[in-house]
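Comments concern the structure below.
Residue numbering begins at 1 within each chain, and the chains themselves are lettered A, B, C and D in the order written.
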Amino acid sequence: MIKVEIIRDPVKLFTINDDRKEDGAELVFNGRVRNMERGKEIIALEYEQYEGMAELELKEIAQRTCKKFPIKDLFCRHRIGIINVGEISLHVVIWSKHRREGLEAMNWFISELKKHVPIWKWAIMIDNTRVPSECKH
Amino acid sequence: MIKVEIIRDPVKLFTINDDRKEDGAELVFNGRVRNMERGKEIIALEYEQYEGMAELELKEIAQRTCKKFPIKDLFCRHRIGIINVGEISLHVVIWSKHRREGLEAMNWFISELKKHVPIWKWAIMIDNTRVPSECKH
Amino acid sequence: MMKVNVKCFSQVQYALGQTELLVELENGSKASDLEKLIRIRAKGKLDDVSLRVAINKNYVNEDTELKDSDEVAFIPPVQGG
Amino acid sequence: MMKVNVKCFSQVQYALGQTELLVELENGSKASDLEKLIRIRAKGKLDDVSLRVAINKNYVNEDTELKDSDEVAFIPPVQGG
């Protein structure tokens, strides 16, 4: 199953429990806002999306990930708006039979997301100015 | 910081929060017991360790991981004893600046663990017989 | 003639000083024609910026013909994650 | 002569039917000498099993000389994770 959400509130982690009997590997990725941007201290990032298209693209990439790798379940929450340093901007959970395909799928999903999903960042500096982020990952 | 534990009780997940300001990637891996072993249904795996040596090896591999990759923090809990299908046998959290090194470190750490840490498995079948596990991963 | 709605994000928004604009074009115009117009309006500020085109929220080829009342976006390098 | 304590796990335990055994050896014996003894005692049941040696809970080379009261384990392929 695929779950994809673009949200404005702080990310709540997806519930994980012991109910899965066929997946030996459960992988959780949390992308968090770092306190430095191009060598300068920041207090937050502001994420801007192309409303509608961002979620469509994210869903399509999730579907492609589940076709390319032998996985059935991928859950993803991407937060937008102002996200303080330390907080989660991206939360992904992937379940797979073995760890290897889970790790590869996670890496691929996030790279594709970073290439295609129409979301952009502004850095909010310690003096509260707002400058375009140029993070090249 | 490195934290390594071999425990007998159900795995409690390590606490994660928004306090880290320098690590953009937080990766959690949970290895769970699958319901099939060599094509046959099982109800649990029993993990046996070389007491003392297993924890020493695990710690050394964690330290080598933090030298080989640019990461400072790796937490790991490995459960032993009888673990029911669906439950977590291995819980690992790695924090890194960027996702790529975190994913690579996770993969490397788990492969090394599977090569070197003196822990073995027995499969407990649905008729309650106990047979050596031959999972080749 | 037809009218399309251009959505502006990030560097495009910054270069044009607008989040949205309505552009009138000749029938049969392609996305690439509109991109030229947008780059001219940006007065050089988008010269170093690679743009991909989306029509009605889907990435398309630059050769795609526009239709009346299409929603068009020129997408600068994205930064999600 | 010296005595070493051999810990048996997994396939070794299964082959020997014991979790632990005390073995008397000539001074200067190496880990590889003890391994030969263990394999003989297993009566062929370990022929297909590769073993690594640990002395006092550390992996060592097969050529390592044993000392009195060493704790020795012949480690069959491990299965953690």
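Note that contacts are C-beta pairs under 8 Å (C-beta built on N, C-alpha and C of every residue); 3 or more make two chains touch, one makes a residue touch a chain.
Bear in mind the structure is a predicted one, so any value in this text is a computation, not a measurement.
Counted as hops between touching chains, the shortest connection from chain A to chain D is 2. In terms of their C-alpha centroids, the spacing between chain A and chain C amounts to 26 Å. Centroid to centroid, with C-alpha atoms defining each point, chain B and chain C lie 49 Å apart. Inter-chain spacing, taken between the CA centroids of chain C and chain D, is 72 Å.
Chain contacts: chain A has residues 31, 110, 137 touching two or more partner chains. Multi-chain contact residues, meaning those touching two or more other chains, do not occur anywhere in chain D. All chain pairs in contact, by the document's touch criterion: A-B, A-C, B-D. Across the complex, chain B is touched by residues 7, 9-11, 14, 54, 57-59, 73, 75-76, 78-81 of chain D. Across the complex, chain D is touched by residues 31, 47-48, 50, 52-54, 56-57, 78, 89-90, 110, 113-121, 132-133, 135, 137 of chain B. Listed in rising order, the residues of chain B touching chain A in the complex are 16, 18-36, 84-88, 97-100, 103, 106-107, 110, 137.
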